[in-house]
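Chain nomenclature is as follows: A, B, C, D, E and F, assigned in order of appearance, with residue numbering initiated at 1 for each chain independently.
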Amino acid sequence: MAQTESAPLLGRILLTGAAGGLGRELRPRLRRRCALLRVSDIAAMQAAGPGEEVVEAPLENRAAVDALLQGMDAVVHLGGISTEQPFDAILQANIVGAYNLYEAARRHGVKRIVFASSNHVTGFYRQDEVIDATMPVRPDGYYGLSKAFGENLARFYFDRYGIETACLRIGSSFPEPKDRRMLATWLSYDDLERLVVACLTAPVVGHSIVYGMSDNTTTWWDNTPARHLGFRPRDSSESFRAAKEAAQPTLDRSDPAVIYQGGAFVRMGPFE
Amino acid sequence: MAQTESAPLLGRILLTGAAGGLGRELRPRLRRRCALLRVSDIAAMQAAGPGEEVVEAPLENRAAVDALLQGMDAVVHLGGISTEQPFDAILQANIVGAYNLYEAARRHGVKRIVFASSNHVTGFYRQDEVIDATMPVRPDGYYGLSKAFGENLARFYFDRYGIETACLRIGSSFPEPKDRRMLATWLSYDDLERLVVACLTAPVVGHSIVYGMSDNTTTWWDNTPARHLGFRPRDSSESFRAAKEAAQPTLDRSDPAVIYQGGAFVRMGPFE
Amino acid sequence: MAQTESAPLLGRILLTGAAGGLGRELRPRLRRRCALLRVSDIAAMQAAGPGEEVVEAPLENRAAVDALLQGMDAVVHLGGISTEQPFDAILQANIVGAYNLYEAARRHGVKRIVFASSNHVTGFYRQDEVIDATMPVRPDGYYGLSKAFGENLARFYFDRYGIETACLRIGSSFPEPKDRRMLATWLSYDDLERLVVACLTAPVVGHSIVYGMSDNTTTWWDNTPARHLGFRPRDSSESFRAAKEAAQPTLDRSDPAVIYQGGAFVRMGPFE
Amino acid sequence: MAQTESAPLLGRILLTGAAGGLGRELRPRLRRRCALLRVSDIAAMQAAGPGEEVVEAPLENRAAVDALLQGMDAVVHLGGISTEQPFDAILQANIVGAYNLYEAARRHGVKRIVFASSNHVTGFYRQDEVIDATMPVRPDGYYGLSKAFGENLARFYFDRYGIETACLRIGSSFPEPKDRRMLATWLSYDDLERLVVACLTAPVVGHSIVYGMSDNTTTWWDNTPARHLGFRPRDSSESFRAAKEAAQPTLDRSDPAVIYQGGAFVRMGPFE
Amino acid sequence: MAQTESAPLLGRILLTGAAGGLGRELRPRLRRRCALLRVSDIAAMQAAGPGEEVVEAPLENRAAVDALLQGMDAVVHLGGISTEQPFDAILQANIVGAYNLYEAARRHGVKRIVFASSNHVTGFYRQDEVIDATMPVRPDGYYGLSKAFGENLARFYFDRYGIETACLRIGSSFPEPKDRRMLATWLSYDDLERLVVACLTAPVVGHSIVYGMSDNTTTWWDNTPARHLGFRPRDSSESFRAAKEAAQPTLDRSDPAVIYQGGAFVRMGPFE
Amino acid sequence: MAQTESAPLLGRILLTGAAGGLGRELRPRLRRRCALLRVSDIAAMQAAGPGEEVVEAPLENRAAVDALLQGMDAVVHLGGISTEQPFDAILQANIVGAYNLYEAARRHGVKRIVFASSNHVTGFYRQDEVIDATMPVRPDGYYGLSKAFGENLARFYFDRYGIETACLRIGSSFPEPKDRRMLATWLSYDDLERLVVACLTAPVVGHSIVYGMSDNTTTWWDNTPARHLGFRPRDSSESFRAAKEAAQPTLDRSDPAVIYQGGAFVRMGPFE
């Protein structure tokens, strides 16, 4: 855990998706910095510790989400589906869910949201292209489409209501890279924490989009347009390179999962 | 009606939204050029003429939409909601509806769609900015968000399944401009026809986005990236200028509807 | 005179530099469209006609300029020095003068200014380059520097006080082109009028920069970023081409005046 | 023939490739404007008329090319191979030939060359892309590669020796478009003449690249960066559209010749 | 003090503004590297040490400035007003003063100037925007306007007379950051020295613009276009972050001083 | 030698130009990583060690080059002329040679080539410009022209036949920088190895262009578009700065070799 400070700076924070992989990792890291941490999910969560509230709430339930936002200063929105799945499931959790969240934020005067978007918003760019967040999206599936919707929704709520969002196009946040593709996309947990904390504390966020990746030697993403956020990763996938290359000495270069940034997502589906 | 030819070139075409303003206008213009024109809406439509089929089908009904696409060569998709409305209505007609349409196209091997998107996808740019379709979207409401979703969905179905779409960010298509804003955004019916026909006949469309406007003297949109479509408007709002300026001699320059390209859409809502 | 209408649309307009070449040309054209036309210069002007006020005022005189702006709705600012001259003269008329004008506009609540800038703001680009108004300035002398200052001043007064300015980087506005260079830079008087009227009537101008040129076949300037102003030239220098080429059949291509867009301005000075 | 003037303006001009399709067309049009027209080819040419010299010279013959340039003011270089062919032939005529020509120009002080490059320099862009001449080249064969070499050679001789070149990326210059692709690429003979004359008479050309096409409704090329040349086409392929579409009502959209701008060139070869 | 070398490399250097905060800091650092250091100001300065000359000279005094430049190889121009003040004061010190300096440089053949410009040249960009020096200026006051004038003046003297200038858009150069804004804008004194020395020693400077900031984690400025200068900061504001955030735990996000890069400068004035 | 691993990862590699400066340096570094290293040159080479084959082959000999490629997995192509020389020599070794190599690769199914291009492809940019590999080339001589040809040839073989190439625009790869210019252009041998290995092991290379330079403080090249290759230099010319500046304390700033990036290459020739 990268940074610790004695006093809470972050006020009252809602963390959605708290039962997921990233949510479980972020929960204790955020708790230390918050006046209050409200955590939410649809799956079972650890019981509330000091300074915590635990609320089960499905994102597609408008009233439940409305209640979640009450009294919050900011939101870290990891909730929803984070893999490629049939459209109907994605629609409810990620599209209706995002709408419910932003409407609740508007009603309760919550002014900043850190939104877990995804690199799959641009997964159909090639692995020999370096892109930045001002370029047109190229989603690689329904999941990526729902995250692009969330980013646009956030843009609208900023332009219309002044609610700030930092959209994190997270690469692959795991204890370590799992394969050669993740040498480019890996985001360590410590860097994830740095990123979320930077987005919560930056004086002005407006509507920002940043790729969530560590300081990897290989990368497809240029975060220059997001330097105002104050995120500077300190970890790198490089120490895992030799092992990952040894484990996958050859790659089928005609496989779309090798060619495109989205990896295996780009060839999932159709779902019937 | 701008161009007529003796023989049908366009094969079997589905026109959705055929009962709406643009649908009623396009129906006879397309019928002349098609081997078959299937028209669809949820509202009452004129009875089928020669070379026509008339089918009532709500876009949110997956099976109905699937049946609509059967045997078609291409689609002109005007269906759905075309004004700003509460999210739940937009969600069904425009988001679920677009998904149903593209899935049906995929299943039935339909390879080209002309999709009526909207200038409201970028309605939060200012009226003193000139933009083109490669710039980030700034939707001005749920309607604009749903159209941005449709454009991204089309991008995905092209990257993944090779289905081509021309997204038409239509300005204001009416018999004539209604106010000073429409001096910039007007698209005459003849130019609308030229645009749709160009998109249906161009040898390669890929995933293209074009603003639908006549050759107006004032404009906020640069269609240079879409010149490959072969659309060149021949009408202009200029002959209406004096009358529109006389009717609105003064404008409140602090009104968001005057400042932003989306006009009155940018200050609609919230809906509760 | 390009456009006439029966009723005044433009309210109360101040025209500075009314005794100069462009001022004398614009005065009767504006008078027809204004509720009141106040004209000003330091040189002798024609007596006031109906609907006119004539005021002598040096731009470097703060009080005089303040009085000029009183009660005005908008300004067409042609005043100041419009040729390359020693710095001290330019400083007073164009730099101090522009400051005086904008301060007076701020104090009197005038909300729109049409500012006669100049192509000499970018005169050190080459004649084989096509530029637009978003590119860095390259002034070709003190005159060009003073106009760049005026444009930046206007930008500041818009960002800080909301005063809108359309900066016209005028090419060469004369009855006809005088030499081969003006085949590219010529702005007919009718097109000048169209441009000024467009800038006065456009609903939103913000801070805009537009090159003032007719629809010439040869051009160095791309006005795409200014299409929102609604200026479309109708004249062209092309009918003068044969005569101008015959009069200057050869050019010395090592002469900076031939190489650079600013023409002879780029080799004036030093002045001692 | 588009423009005629009584007196020769163009001095002493060398036209290479005079026996080819474009050469035969340009020869009488240039003769009228020149003090002297020297024409050259390796194939039989019409006998010299008044004001003409006819010289047979293979471009790969250094001494012969050197003699060709003697006493010339400018060159219109159409010579060499203009179709896709095996590399060795292209190498001699187009690569060695271009080198011989520029070296001769340097030795004889010739200061301007109009170089017939080709759209095949960028033939591997897609037909749903609009490009301009500042984008990276994507040649579609040895012919396109040789033309890219010629453009770079011209760039070097300008940077190093001040020899100006206008590179014309000619589309398809024929009496009329031959197929649907040429609706986009067609350059009428009159527009070809306008283009060549503009490049010979423009005061400053530097190193310029322009696509040679008429004012076609469908186009893949944006000539904005070349407006300083003063070329404005007056013809259009549009009147041929109906006939060309009727002749090719369907296209195989999986055919690289349909997908890419270079048409059939992109699938020629390999040559063994 | 970052870099020391035994022998003077920098020849005869004029340092203006030597009595100011940055001048007092740079004076001993430059003295060590120069054959001669002439220092100048209108305020009292420390007596001349070995290798130094001390000259009092107001920048608006043309003759005095002319004498200052005599015999110099290069200038580090920190002189003039460096805070927001009424226009008349800025006009004399910064606009007339800059003109006097460049004219004197031209007359005396001085070929390089390091010009202390300011981040206030672009102060009206937002703090959630990352900009670079090729983007249009947005000055946040008269001070910023005068620095933009100085940059343009430098551009002119390079294009016209070949005098090179490195324009330093200095952020906030103090012993340490004073508030949260300066976490982004801070330039340590050691990095300031590195920057000035790099600009004085780079073989070719032409007309360059570089933002003067340390290697801060949060930044609004991308110095990619200035990497040829060889400036690489080694300090960072990061070690001050916790203290600065603790001192200003909350910010009023509706305050223009929080929203815009220029900070409090953007809401100074009007001055009457 | 930067990275060592126990097992060969790189398969069967051909290294051309193995007798040259970079070839001799790379040979042992590559041998350690390859299943087989075939080395080739026209000059005498060290005898074959274990895991090596040594083949003399002139690049202009088509059959010899064809034989070289047989059975190879990838090529590191350093062969040919690497200095400015008369055109005829360059033509054979670098233009014909490159064609022979790519044709042989196509015939033998070799799918990746690391091509030693050169900074002289863009040598006519100025030393006060920072460029990247998407900008138009500006070769500084016949050598640079031949490398630009090679890059375009590689682009074609990727677009047409799917053969991937990483084009390395190598700066100055020597044991240490030789002069002040090389403070910007230096590439250490260890960084050269890192670069070549990255290009051989990256999962997807497509057609990439990267400048080969160490992590120098001064640089003219922005490698952002090539970050997907996974090259991150670890060395820097900075430790040589003081010595190089002391050795060349003054530079003639009117010398093209000082002004342009290509250094002395830009004023070589003409060769007769």
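The rule we apply is simple: a contact is a pair of C-beta atoms (placed from the backbone, for glycine too) under 8 Å apart; a residue touches a chain by one contact, two chains touch by 3 or more.
Source: prediction; values computed, not measured.
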By label, the chains that touch chain C as well as chain D are B
Count the C-beta pairs in contact for A-F and for D-F, then report the pair with the higher count.
-> D-F
Between chain B and chain D, two touching copies, which fits better, same or different residues at the interface, with half of the numbers shared as the threshold?
-> different
Dist(centroid_CA(chain B), centroid_CA(chain F)) in Å evaluates to 51
Just give me the whole-number Å value for how far the CA centre of chain E lies from that of chain F.
-> 40
Multi-chain touching residues of chain B, meaning two or more other chains, are 224
Could you list each pair of chains that touch one another?
-> A-B, A-E, A-F, B-C, B-D, C-D, C-E, D-F, E-F
Sites on chain A touched by chain B in the complex | 87, 91, 95-96, 99, 103, 106, 124, 134-141, 144-145, 148-149, 152-153, 155-156, 159-160, 266, 269-270
Complex contact set, residues of chain F against chain A = 5, 7, 9, 111, 198, 201-208, 224-232
Contacting residues of chain E [partner chain A, same complex] | 126-130, 180-181, 183-184, 217-220, 222, 224, 242, 245-246, 249, 251, 253, 258-259
